[in-house]
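These are the structures in question, set out in turn.
Two complexes are shown next, each including subunit A; its partner changes from subunit B in the first to subunit C in the second.
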Partner chain A sequence: MKAPTRSDLAVLVLAALLVGVSYAVFWHGGEAGGYALVRSGGETVARFALAGERAVEVPGRLGPSVLRIEPGRVRFVASPCRRKLCVHAGWQAAGGATVACLPNGLSLEIVGVERLYDSINF
Partner chain B sequence: MRISVYGIPTLFACLALAAACAPREEVTRFQFLAFGTLVDIDVYGADRELAARAAADIETCFQALHRDWHPWGDGALGTINRAFARGETAPIDADLAGLLGEAASLSRASGGLFDPTLGRLVDLWGFSDDEQSPVAPPDAARIRALLDEGLGMQHLRIADGRIASSNPDIALDLGGFAKGVAVDRAVERLRALGVRNAIVNAGGDLRVIGRHGDRPWRIGIRHPRGKGVIAELEVHDGESVFTSGDYERYFDYQGRRYHHILDPRTGEPATGAISVTVLHRNAARADAAVTALFVAGSKAWRNVAAALGMTHVMLIGADGHIEMSPEMHERLRLVQPALDDRPRIAGDFA
Partner chain C sequence: MTVSTSDRLIAGFAGLAIAIHVLEAALPSPLPGVKPGLANVVTLVVLLRYGWVAAAWVSGLRVLAGSLLLGSLLSPTFFLSACGAAAALLALAAGKRLPGHGLSAIGFGVLAALAHMAAQIVAAYFLFIGHPAILNLVPPLMTAAFVFGLVSGIIASTVLGILDRQPNSLRAGGS
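Let's look at the complex of A and B:
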């Protein structure tokens, strides 16, 4: 077997570097905890990384709803709607989990986390 | 051609590079609000522009159906209900007449357990208000008075483009049927537009087209009491999964739960189940069936399922035990227990 030439080594090093850089740039699945995607009227209006601890306000039809974010999970903690079903739905952490506040026209979905199911029936 | 031994690791590195750059998410989700609930349309693998156009088309369709079929709105059904209350007839178009004919047929087959004429009863209980939950059950005498007048589809007559009711207390409420019809129409529309793989999920009730790539669609069924899902199943092209549960709309009063699925025989929330799930190829029939089977409860669901042509059924009883048909047992996998021990398959009771 012939010894590797400098060119061989250069190609190998370049390929390895490209793989590493590509995973870092394009692969978002490894983002710990994923994201909370907030939609209003079918449009995405906010996207929050589920990292750190904080409360954020999202404007809705009736007024602002407040989300509490903790590492890997999110929930509605306050809403101007009357029945507060969104608040009672509690913490969401599973990939694809969705909570909606219909009166305030907002929905929340967990993305960027592996989904066990394509859809949930209830 | 001669390949250097260093070409092999280089080839693997390039393949890994390609994998890293491949699109990770092949499902595009569209969401909108209709029928007082959240509608998700998940499209696998299709051109995003086509999927967006299809989703927008379905949203327009759902909004129109919601307006036309709302029992107390300004659309066709609201107009009919107001005419009934005045003792008058009302105009009805062929589409709604056909729908009511199908609903009447399902109501008969269910022995009246699925009853689209309970609009006044639903309103009396306060479940027709999308914005506010009721706080206490209505007066029993008012419930009795409504039932004594005689409800049911047999009181309706459709002729020459008009509909009449022999009882002014009847109000049509397609709550246990309209969503299924809408889901069927959405699936037809998606297919017509060339979408080959999708899920239409309207407030938890769904129907699928095609597959998720090289595997069937995977569906989780929410636990009626605990967290997460109670069961999972793979759903094939054209199949729908519908569930009715006492956890969807309810209020607690003096330590008792009062939910929105009313028993036409008593005028009160049905007590024989906490959740019913069916798998069927027609979403409209599945929608009506879960309501009827929920009302039938643990004692009577098998006969009602047979009458409605439902072979795949799971019922979670009021005490938390699980019963299911042998066909459903073959398809569904429990991932956590209900509130008691092992599931009972329908044959166990024979």
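Let's look at the complex of A and C:
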């Protein structure tokens, strides 16, 4: 076997770095990597990773609803609807958890986390 | 139509690569997509002895004939394989243009393996499974590609060393 050249070593170091960076980019936060899917009229209109702390606005039928995102959980904090059932539903963290705001035509579902149940009937 | 020496060389090496490709398909894999890729040792040896064009022929013939033998022609596996091989060849072409002393089989092996894997993941994501969960597979798959690329490179380097010691081994002109 020939000894590796200096360029070989450079390629090896860069490649190892790239692989290391891929862990940082794709495996951030381990299992807290769930997503909140927002649907409007049956269409998925937005997708938010449940990481970091921020507030986002989602346009609905009556106006924008505001979601608050924290690592691993999400909730409605403001909505133009009358009874604010979506806001009162509070924080959601479980896989499959769903909050709907019927007046505003929005629904929020947590995906990508292990589901606690297959479905719920009321 | 006449058969030139380089045609014979390419056919011979492609045959070798196809045999390794088919044998490797029989190995069980711990994770979908993880495969030693030892057929690329042949591509590396051909690249460093006979140049990029010959290596591209050997690699292309391997993907085509290998998929014919395994019955995966035009199936998703075939497209992933073809995308990977094409990306690996592009990476090898880029590696040839690197300044300095140039790469040996080890550098080429790692470059090709990473390009191969990256292209396959991108192709799988956009053509077949557009689910974000597939991105979680990127780190382990890239790690496997790095390790197997390194191993292929070391094997190819050893093979090249042995071939260079043969007094009357064939060498195509240029590189």
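Here is the rule we go by: the second predicted complex is superposed on the first by the 88 of 122 C-alpha atoms of A that agree within 3 Å, B and C clash if a C-alpha of one lies under 4 Å from a C-alpha of the other, contacts with A are read in each partner's own complex, and residues count from 1 in each chain.
One rule holds for everything that comes next: a residue touches a chain if its C-beta (ideal position, glycine included) is under 8 Å from a C-beta of that chain, and two chains touch if they have at least 3 such contacts.
In this text, all values refer to a predicted model and were calculated from it rather than measured experimentally.
Student: State whether A:Tyr35 touches subunit B only (first), subunit C only (second), both chains, or neither.
Tutor: A:Tyr35: touches subunit C, not subunit B.
Student: Is A:Leu18 touching the first partner subunit B, the second partner subunit C, both, or neither of them?
Tutor: Both: A:Leu18 reaches subunit B and subunit C.
Student: Tell me which touches more residues of subunit A here: subunit C or subunit B.
Tutor: B
Student: Go through the superposed model and pick first if A:Arg6 touches only subunit B, second if only subunit C, both, or neither.
Tutor: second
Student: Where on subunit A do subunit B and subunit C both make contact?
Tutor: The overlap between the subunit B and subunit C interfaces on subunit A comprises residues 1-2, 4, 8, 11-12, 15-16, 18-19, 22-23, 26-27.
Student: Taking the complex as given, what residues does subunit B use to touch subunit A?
Tutor: It comes out as residues 4-6, 9-10, 13-14, 16-17, 20-21, 24, 27, 29-33, 36-38, 40, 42, 59, 130-133, 199, 201, 204-206, 212, 217-222, 228-229, 232, 241-243, 245, 247-248, 277.
Student: Of all residues in subunit A, which touch subunit C in the complex?
Tutor: Residues of subunit A touching subunit C: 1-2, 4-8, 10-12, 15-16, 18-19, 22-23, 25-27, 33, 35, 112.
Student: Considering the complex alone, what residue numbers of subunit C touch subunit A?
Tutor: 95, 98, 100-107, 110-111, 114, 132-133, 135-136, 138-139, 142-143, 146, 149-150, 154, 157-158, 160-161
Student: What residues of subunit A sit close enough to touch subunit B in their complex?
Tutor: 1-2, 4, 8, 11-12, 15-16, 18-19, 22-23, 26-29, 39, 41-42, 81-83, 94, 98, 100, 102-103, 105, 107, 109, 116-122
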